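Letters A, B, C and D mark the chains in the order given here, with residues in each chain numbered from 1 onward.
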Amino acid sequence: MNSFGQKLRFSTFGESHGVALGCILDGVPAGLKIDEKFIQSELDRRKPGKSEFETARKEADKVEILSGVFEGLSTGTPIAMVIYNTNQKSKDYSNIKDIFRPGHADFTYFHKYGLRDYRGGGRSSARETAARVAAGAIAKLMIKELGIEVKSGICEIDGIKSKNLNYEAAKKSIIFALDAEMEDAQKEAILNAKNEHDSVGGVSRVKISGVPVGLGQPLYYKLDGVLADAMMGINAVKAVEIGDGILSSSAKGSDNNDEIRSNGFESNHAGGILGGISNGDDIILNVHFKPTPSIFKEQHTVNTKNEELDFSLKGRHDPCVAIRGTIVCEAMAALVIADMCLLNMGSNMDGILKYYK
Amino acid sequence: MNSFGQKLRFSTFGESHGVALGCILDGVPAGLKIDEKFIQSELDRRKPGKSEFETARKEADKVEILSGVFEGLSTGTPIAMVIYNTNQKSKDYSNIKDIFRPGHADFTYFHKYGLRDYRGGGRSSARETAARVAAGAIAKLMIKELGIEVKSGICEIDGIKSKNLNYEAAKKSIIFALDAEMEDAQKEAILNAKNEHDSVGGVSRVKISGVPVGLGQPLYYKLDGVLADAMMGINAVKAVEIGDGILSSSAKGSDNNDEIRSNGFESNHAGGILGGISNGDDIILNVHFKPTPSIFKEQHTVNTKNEELDFSLKGRHDPCVAIRGTIVCEAMAALVIADMCLLNMGSNMDGILKYYK
Amino acid sequence: MNSFGQKLRFSTFGESHGVALGCILDGVPAGLKIDEKFIQSELDRRKPGKSEFETARKEADKVEILSGVFEGLSTGTPIAMVIYNTNQKSKDYSNIKDIFRPGHADFTYFHKYGLRDYRGGGRSSARETAARVAAGAIAKLMIKELGIEVKSGICEIDGIKSKNLNYEAAKKSIIFALDAEMEDAQKEAILNAKNEHDSVGGVSRVKISGVPVGLGQPLYYKLDGVLADAMMGINAVKAVEIGDGILSSSAKGSDNNDEIRSNGFESNHAGGILGGISNGDDIILNVHFKPTPSIFKEQHTVNTKNEELDFSLKGRHDPCVAIRGTIVCEAMAALVIADMCLLNMGSNMDGILKYYK
Amino acid sequence: MNSFGQKLRFSTFGESHGVALGCILDGVPAGLKIDEKFIQSELDRRKPGKSEFETARKEADKVEILSGVFEGLSTGTPIAMVIYNTNQKSKDYSNIKDIFRPGHADFTYFHKYGLRDYRGGGRSSARETAARVAAGAIAKLMIKELGIEVKSGICEIDGIKSKNLNYEAAKKSIIFALDAEMEDAQKEAILNAKNEHDSVGGVSRVKISGVPVGLGQPLYYKLDGVLADAMMGINAVKAVEIGDGILSSSAKGSDNNDEIRSNGFESNHAGGILGGISNGDDIILNVHFKPTPSIFKEQHTVNTKNEELDFSLKGRHDPCVAIRGTIVCEAMAALVIADMCLLNMGSNMDGILKYYK
């Protein structure tokens, strides 16, 4: 329900305009150095209000660790983290109390639960992803010990595609653009849409390197399946590709197969996964975000009594959710990989005997 | 690991050339009429050897129910089904005993487990999907009682796209083509590739109609996330789209939002899911299959001692896995929807009181 | 790991001397009135320092709800609750930093994790059960809507058994004694042990009434099995009996069977459960607590270097953990029953059709 | 529902008088030698009809492995096993078609599911435990590689307690009696009850030796909690004790604590578990079975229309279910321990680095 992962289990709570949001990360192995500054720095990458390309809501997103860490090390017990909400303007939402915003989860939550917390989307708000980033930061610390790294960036905005994929450039870019040459055009597209009271979509590309061969549990906890779930479950994501993705479906077998030499694969069409299991190559994902549904143009909708309305949204919103979304993709990828590393231990008797003897 | 679903839980076993394959379907509500002919007819749609567009391996794929059904009705206990393998030619595989076929899971299974059942891919073979289709047939029977139907067809082969999407046409087509006008061109592409000892990719489109509002458990057992996992976990799938999918990432918010009137949504860009929960519209998926990795062209590879080889595959293979794959997509979609219907019961106190009083 | 339940899922965090402890309760149906005063009153029943029969550590055990409740009603999203620690005296524990206290989890945690939070037992402290009581209070509110009630009391201390089982008397007793006539003798036994720097064991009896027929998922999420897990998992519990319990093993079938008449069962040897499923009668449990391992007498032990020591514990401890333990038994029973009520919805097609139509 | 375990996951199917029963055992590490003769020998210990102390139903209980084993070794994929029913006499049950047998699950299954397979108790029959024994045999093979052994025997029948606990004697005894001196008296008690158309209860004692320190996942997948669930979930079990069990509740702390020396614990009141985690000592369980509910004496009951009846059961039944039950206790204990061994891998970073480097 509100948990993710098998051996590294991650449960979140909290609403956009509630008291606080946070998570419990369960299954972190004991003895991991918990670098709190790193966790905060990851949250800072995602936090809103840093530029004109994001919502104007300013949240400190200061994370506090409540448990599971002692003298700077994880103890093997659940790590609870909490982020208090400080900059809610719930009044902004009183006008949508009884109205379903198009493209939002208002309609579905109301009908599923019979009531909803209408303030800023409540639980369905992307604000919840702050908790994912906090947990993902710890996952990153864990997999770093195994030599694994997760990077990401924006490879497309409003149909404007990156030609080069430079993850170092993305780190420095305020919109996490992978291609510095396309960055200005991408920024302009965002601002144009914003000025027109509209929004744009975008694509996040995620690269996971240093992955050992063997991660993924066939046949129903496959590495590709679980990554797809993790990414598709991020707010506004509508498509997930692995490796060549949609291009695979129009390729020939002789082009698409990655042939093998003694020093490894000759290509990486597969995106690092074969039969649901990592093959040691980089894992490559493309994650497609729809445009932010929160736009200021007038739209048709109904209220909770099913009465028709023409309605213009107000408030503070990201003009392109893909931007901050890419940080969430990284966090979810790190959580999946860390979980799979733990699950993989026990695949064969040799490994088990090595562990116990 | 080898199970899928929360309340309707589906566990499979079996290898391509083992004694038998099958599944346990747990959580089927008592009192459901189990139409064995329908289950067999679903397996017949997927079974191999029906035409030149499929592998020449002929399997009866006769399913036997071992438990959970009494006097034609489900009893609420696990339904075990078994399909014995009858047409294995394991000798075909003795030449690949120590060789990793490019594009296959041979490499990853061997390194994960330290050994592998090399006969026809063992557990990683698409043969296992017969068990999914058997279980999916029961899921279809269950959701039919709630007015829900799952349909699918092939909307693209080797880059040749369908223009019309006619699910009735797909039922009659030997390659499940959605567009009868494009069918000949799509068939020709398959046969051309086959003649050149090559293979082609394709795209399955799935449509689920009659879905009630409210299916999907936020935030980590979302309907879209779980469907993405279910589809990406099918052999050879490399991308999954929901609704407008990848097109969403280049759309504007004002185009992509589905506006609402008192009689429903004015469009269905969302593909029937908002915030991870069904909105009552048709659920639409595009599932991208890579070309069959089993091709007869010579390829580079290594053996288990990491010695380089140039190697040509033999045996019987589908030239386009998407075709039979679309039946598996249907089955997995039905299993997801049935599970979500069961999970949804308990979302609010009104429903619970109605159930218990 | 640190979670319990299937559809009503309860995850806790926190250590005895950490910043805070708490829980996420996931799966609470929307629309339940959340009576915060009731939750606090349940915590007050369990909280330490109320009398000479308990530890002298005084904790306010003030609970705060961080999420999942809006305008007094549950929203169907996770309810997070936090209790900050205020009265830690971690210095009390510096002398046991490297020492394993007999009867405690110090030894096992250290060897499992390679390090431990030695302050008051860290995560293994019974202090964590405050979070269970908070969650259990919400479960009680939920099952009350279905007419189900959980009561408990102490039926034995230091071998002194209650003759009458009066749950109203237990509510008024400072040691939750079920038999007012035996209460003084039981109290005296506790104080005698305390004066001798020793501790005593005791037995909690739990009665659940108003249970509908049909709760429990055969065959591996049985109502009796899950209750046994829930009770055995409480700190210091060493035996669990259902119905006649250990007496059943020396009974004859003709005595032990509960014969049936049109108005119900003629007896309740089964303790309300047949074949792992509730039969509508009261569910009866006996939960056996060992004496508190924290005693002030000198004991043999070793330190983390495996050097032998003779050692006397200091600090503040309950002389009889069964007393406050009985409140935890109630909470866990309520959580199990609430979970089973939710899981049971979907057992048969009639119920499902009633829900959806 | 019908599955047990986390990393070693065990799912069963089958009814007493259905086509077959069996299981899928998922998570067995690759490379384990699967000794099929041993598996069959374990089933032979449990199988019915071996003596006058058991039911007269004779079943070969011949197990077939359908998957997951290749060239004598486990492959890491699910091991499916099937046992066909051969000696059903379903006609014996036509007279109870509409009647609820006292002490049985007939009443609860009928009310939960709205219908039931009345032949021999259907799914609720102890016949299902054959599948547990088959799976348990594989678990035994796995944990044997780690030096762990599970033994058991009967320590009490009809109140007649064993004085000595000799597990070698139990292996040779037809009633698995731990004390050869008490065996005749115990046998006599069984036959006396049988002659009087009655039945007796009994107690199984389980001893697990060679257990490493550290098994068990605090706080909600504790070793003691999970063992309690596993044992309480066996048909007819009404109480479970760990270590000193119910005696703990009347002991003093100074007697009950196991003091520690450099070569280990000075006593084992705890039964090898502290804080839910194994401490390296033998794990000791007492499992209390009620008398077989199937007796031939006339009893009060009702039918499915709630009409009162006086009723005498016919058919073939065990006069003491504890006897064959002890083999099931062994199997479940082995499954729990094997699962915990797998889960434990990942508790600390040192172990993880050792595994991956």
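As a convention for this text, a residue touches a chain if its C-beta (ideal position, glycine included) is under 8 Å from a C-beta of that chain, and two chains touch if they have at least 3 such contacts.
If you're wondering where the values come from, they're calculated on a predicted model, not measured in any experiment.
Each chain's centre was taken as the mean of its CA atoms, and the one lying most distant from chain A is D. Over half of the residue numbers found at the chain B and chain C interface occur in both copies, marking it as a same-residue contact. Chain C and chain D have CA centres that are 26 Å apart.
The distance from the centre of chain B to the centre of chain C, with each centre set as the mean of the Cα atoms, comes to 45 Å.
Computed centre separation for the pair chain A/chain C is 38 angstrom, with centres defined by C-alpha atoms. In chain B, 1-3, 12, 27, 30-31, 76-77, 109, 112-115, 123, 218, 347-348, 350 are the positions where the chain touches two or more neighbouring chains simultaneously.
Residues of chain B that touch chain C in their complex: 7, 27, 29-32, 76-77, 142, 145-146, 212, 218, 341-343, 345-356.
By the touch rule above, chain D contacts chain C in their complex via residues 1-4, 10, 12, 100, 102-105, 107-109, 111-115, 123-124, 128, 156, 158-159, 193, 198-203, 213-214, 216-222, 224-233, 235, 237-246, 248-254, 256-262, 266, 269-271, 274-280, 288-295, 297, 299-302, 306-308, 322, 344, 347-348, 350. On the side of chain B, the complex with chain D involves touching residues 1-3, 9, 11-15, 18-22, 24, 26-27, 30-31, 64-68, 70, 73, 75-80, 82, 109, 112-117, 122-123.
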